[in-house]
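Note that the chains are named A, B, C and D in the order they appear, and that numbering of residues resets to 1 at the start of each chain.
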Amino acid sequence: MANMAQAIRMALAYGEKHLGVTDVFGEDVGPPLGGVFTATQGLRTSWNSPLDERGIIGMAYGIAVAGGKPVAEIQFCDYIFNTIDLLKLVGNAHWGSAGKFNLPLVVMTPVGAGIHGSIYHSHSFDSIMTHIPGWKVVMPCTPIDAYGLMIAALKDTNPVMFMKPKALLRTKGDERIPGEPEDEKVLKDMIDAPLGDRSNWKPRWPELTDYTVPIGKAKIVREGTHVTCVTYGRHVHWAKAAADTLANEGISVELIDLRTLYPYDFDAIKTSVRKTRRVVFLNEDTAVTNFGEHLLRRTTEELFYELDAPPRLLSGKNVPGVGLAPVLEDASVPQIADIEKMLRETATVPA
Amino acid sequence: MANMAQAIRMALAYGEKHLGVTDVFGEDVGPPLGGVFTATQGLRTSWNSPLDERGIIGMAYGIAVAGGKPVAEIQFCDYIFNTIDLLKLVGNAHWGSAGKFNLPLVVMTPVGAGIHGSIYHSHSFDSIMTHIPGWKVVMPCTPIDAYGLMIAALKDTNPVMFMKPKALLRTKGDERIPGEPEDEKVLKDMIDAPLGDRSNWKPRWPELTDYTVPIGKAKIVREGTHVTCVTYGRHVHWAKAAADTLANEGISVELIDLRTLYPYDFDAIKTSVRKTRRVVFLNEDTAVTNFGEHLLRRTTEELFYELDAPPRLLSGKNVPGVGLAPVLEDASVPQIADIEKMLRETATVPA
Amino acid sequence: MQKSTLRPRLEPALQVRIHDLMVKTRCVEERMIKMNRDGEGFFWIGAPGEEAFGVPLGLQVKKGQGPDFDYLHLHYRSSPLIMAMGGTMLDSLRQMGMRATDRYSAGRNFTNHYAIPEWNVAPMAPTIETQYLIAPGTAWVQRRHGGDGITIVNGGDAGTAEGDFASCLIWSTRPGKEIPMLIIVVNNKFGISTSHGTQHGVRNIADRGIPHGMQTKVINGNDVFESWAAIDEAMRYVRTERRPFLLEAHVSRLNGHSSSSGANRVDELDCILEFEKQLLADKIRTEAEIKATWERWRDEANACVKQLRTEPFPEASDIWKWTFHNDADNTLAKAGGD
Amino acid sequence: MQKSTLRPRLEPALQVRIHDLMVKTRCVEERMIKMNRDGEGFFWIGAPGEEAFGVPLGLQVKKGQGPDFDYLHLHYRSSPLIMAMGGTMLDSLRQMGMRATDRYSAGRNFTNHYAIPEWNVAPMAPTIETQYLIAPGTAWVQRRHGGDGITIVNGGDAGTAEGDFASCLIWSTRPGKEIPMLIIVVNNKFGISTSHGTQHGVRNIADRGIPHGMQTKVINGNDVFESWAAIDEAMRYVRTERRPFLLEAHVSRLNGHSSSSGANRVDELDCILEFEKQLLADKIRTEAEIKATWERWRDEANACVKQLRTEPFPEASDIWKWTFHNDADNTLAKAGGD
């Protein structure tokens, strides 16, 4: 099975061939490295940029104005925070020009903790990003969704922020990418750059086909009846693990992978919460002015009378960073045990 | 009575004289202009910076490291969004250095709509700013609170973001600043720069005295029993107007001016909501991942069983900007009628 | 004075045309200032004093849509350029008047903030200097596309303190990946109230291009002839060499920064008066012709204001338009945001 | 080769001391790389290859607290400087080992990220180039304070593409408000995998200071003698003239970018070996003495690792410490965030 980095790479290769992608660029995105997580190895249109995030976002904007289809990478979302004004400009271009210009561009960036990244390679970006109007925001948690969401992003005529859960980039899924060879060694041979000299290397892309995960559509990862858990990114997997444990205790968790953070699938949340009457919103961004609080607010406003328990947020702690020592990281970011605990509490508190 | 710009200026003059303020700086902050809203006219330590917001925040950080006490201005918060990474670094310096360095600095910036500022002079900053740990965040709604909060900010040994509600900077309060002369013309003569040539002008500051509005303390602006409204900045005044109207209908609104957005006075909110059992959070930032949603979330989690009605958020609309035409601005930002409506609905919905 | 050598290059007919456009621009700006004073518009910012540079620039733009034509990334003092390209007074005044008919922003943006896809004029924002980051993107596409279309970016002197200006120098001179871009700095010696010399240690702003191996030039942008020649030279170079050129033009700021500082006329050299002296001396125009030009455009401006007064303001529900590129998405967004 | 003229300036005892510190630095870095390989630390980034420049720099710092002394705003390849100032192996290795005893960050930050108030070493973050924005602040205070304390800022070549580098040039040369700052760029010709020459059109990075009227110099930072002399010259200038100096030092990057790229030794000139050749040729050190130096520091590094292994990791509740400067505020913050 392809890992998520390979899946993204294949989606971009598909995009270059079929969807008019003109530039995949950013710091160390082009040869020889092909991205610090290898997500852009071997791409025909990939190139290395200067070390300048503001220049990268500006360039993407300009390419889109001139009819190109750029995919810009910010190496870690920890380094995107000097571009918030530009992201706002991008999100504003269509609205501010009364519909005269739209900017069909994709920005992708790895987010979240989980690779012992310490203070400056562990940031989340969901809260600030969802606060910037005019963007679509997606975050996959499996390679197949990464493939399908990237293709959807490339087809979209709006700016799309594609968040890559850093900790999952090297993990495999259990569904094959359409066109992916059966043997993962074969895939590796075809599309992974060799160690050592790469100057003459060229990838051989499988016969990739179109596969779109529609933007705005959540996925019910696990059906359940006692409590709903709404999350995305790597916490989907942890929530699943927690739900499995809770199943043994007779607690049935309905797990929603939001996949698109904006515009999000509120119907899916509503339907589920109407059924379970209890809900936990889960993510790893810090706790104050957190995107999960938006979902919680809307749920509370619209479904107040249908809730049997206080809706809850489980998020990262509101401290300035994620520490390097594992005990610090684990204390900062929701762990499986924390998820279990909050789901259990929420499922069992008397109505 | 002093207006808010004069109050801030006097607090800074007090700070220069008594609290060790070394630098009040930013774009057009020094002579001749003294700030685009005149909030820094005549200050001894004020100076003009290059047109470079990133440089301004960096400079404040550096001055604080070297033992100075800087007050940096970003001319409009609309132009602070290229410095979010630096604000994060400032908020992180104490935590990341294990307590070795603290940064006693103040950043002040005008926020919000209300002066027909169009897309780029109407932004709010409460949501993103409260999402940045390590900062205290305040926003006054009267000259006297502006004076007292600025003095508190100058005494604080942490970074403080002082948000100036743009639309209120030229409005007067009904309490005199300690030391302020009775006649406002006298005050004007003493501290407002003359029109025309200012090269030889020097202000004569009144005998200002210490007056601190403690950071973290909300103010009950109006007591009430039927519904709580939690807000800050210029919406305090609008909420008051709405509450006055509703009083005629027999609806009693308890109005909380938060004054400090972080760390906020949750006790005040809790006490009030326990009494009224109904609450509306009000601000003009855009609706998705909005700071009011944090307050709403915490209130819901902690007081769920004591709420008789869905807690509500009334905020700016989730569109990329505030349009110039008044009808657009009014449609984007909560107006008195909107506040009335939501307070009325929340107060009267059956328990 | 270089004038004597430069003047012969400009055909009299062209000089007449330039003068006409300079006056047109001045008149539309002055009408906006009046609208502001009359309470018909909240904020004015514009270009009185930049006509001698902006009109020759606008006339030399290769106008059209797509990478074969010039892309423009402009600041808020670009009315001379836009008028010279064929922008109408009515369109500018509609934006000042915040009308629904404002084709640049439908009443959303400040005046002199354009967005014209047919002429490759990218959407403008008042955020100083960000256009210098966006411009390399269109120039990059043009580099790949070939042809002689170039990208033009302009902005003020104070704004060059933003790191974004330096980014532009870096991105336009990447070895072997240079881009066809005319980088302009319009130096009026002030950023709002702050004079250039108090904040910038450079002798010329344009000199900052030199270490990057860039062609540079500093000119008197108050002089039509010098401006025309320098723009011509710079554009030829960029169009053919497909490399950047950094051009600094010194100009006047005749009405101060904006309506925030009163928009009153200040005592600086007026490029239109200077040009008119030349036109008279060279017998290209008579006093009467010049007077008639002013009258015609003043009348036209007044007529436009009359016209726009009959036109509707936007409606409240319009705020929901155009957040996304398709209406279904806007509906979804509205549901989440309302 | 300028060496012949520069060499006599350095006393043999000083040369021995420099060598000792270079070896000390190399040994602590190599021990960190081993810790990383052994799973005792997750990420390594450091300075093998920068010792010939960094040690002479550290030895010439005016060390102390407050504006009378030098302020340092550093990047993550500053171990030679810190070791030369008197930093201990143990402290560096504790940070690598994420121990609670890590005096720079209590187990929070990556290795080689210092924060030393007693030596004016400002808190470090791995955000490239932001230190160039912060440094002018301490230099500004020093300008006002007087004395001969200066501010020193360093960073890499690739990072100069960030606009922040240009901001630093602007803020340090404001006319009449110039600041005493030694601006250093350590040019190892790479940013991670991207070579300098593919992204930067400048001949020398230091040339970018010239339009700002700044003194500049480019040196071979692999050479101890040249480094010492250039730093000496630059510091004298900055200390006395109270103006900035931009110094570019070319160095090797001996173990690649970081542990992310394997941290394997690459084939570039090794400044320690070069220096040792000189020491031998000049009979300042013998083979045996050199060998002993390496052994002593290797042993010391191993002993430190043994020591730190006995030391505790941070505790989960530690995350709540130091968000704010006082505990009451931290308690309040915890209540809101927990």
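Keep in mind that, in the parts below, contacts are C-beta pairs under 8 Å (C-beta built on N, C-alpha and C of every residue); 3 or more make two chains touch, one makes a residue touch a chain.
All values reported here derive from a predicted model rather than from experimental measurement.
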Please indicate which chain is farthest from chain B, where distance is taken between mean Cα coordinates of the chains. D
Comparing A-D with A-C, the busier interface by C-beta pairs is A-C
When centres are defined as mean Cα positions, the distance from chain A to chain B in whole Å is 34
Here the gap between chain A and chain C, centre to centre from mean Cα coordinates and rounded to Å, is 40
Expressed in whole Å, how far the mean CA point of chain B lies from that of chain C is 36
Can you tell me which residues of chain C touch two or more of the remaining chains? 105-106, 108-109, 125, 127, 161-164, 167, 170, 174, 198-200, 323, 333, 336-337
Residue ranges of chain A touching at least 2 other chains are 50, 52, 54-55, 79, 85-86, 92, 94-96, 119, 133-134, 262, 286-288, 318-321
For chain A, which residues count as touching chain D in their complex? 27-28, 32-33, 36, 48-55, 78-79, 116-121, 286-288, 317-321, 323-328, 330-332
In the complex, chain C residues that touch chain B: 42-43, 98-99, 105-110, 125-129, 158-159, 161-163, 191-194, 198-200, 260, 313-320, 323, 333-334, 336-338
So in the complex, which bits of chain D are touching chain C? 161-167, 170, 173-176, 178, 197-204, 207-208, 210-214
In the complex, chain A residues that touch chain C: 22-23, 50, 52, 54-55, 57-68, 70, 85-86, 89, 92-102, 104, 133-134, 136, 157-158, 216, 262-264, 266, 298
Chain A contact footprint on chain C (complex, rising order): 66-67, 71, 73, 102-106, 108-109, 115-117, 122-123, 125, 127, 130, 132-142, 144, 151, 163-164, 167, 170-171, 174, 321-326, 329, 332-333, 335-337
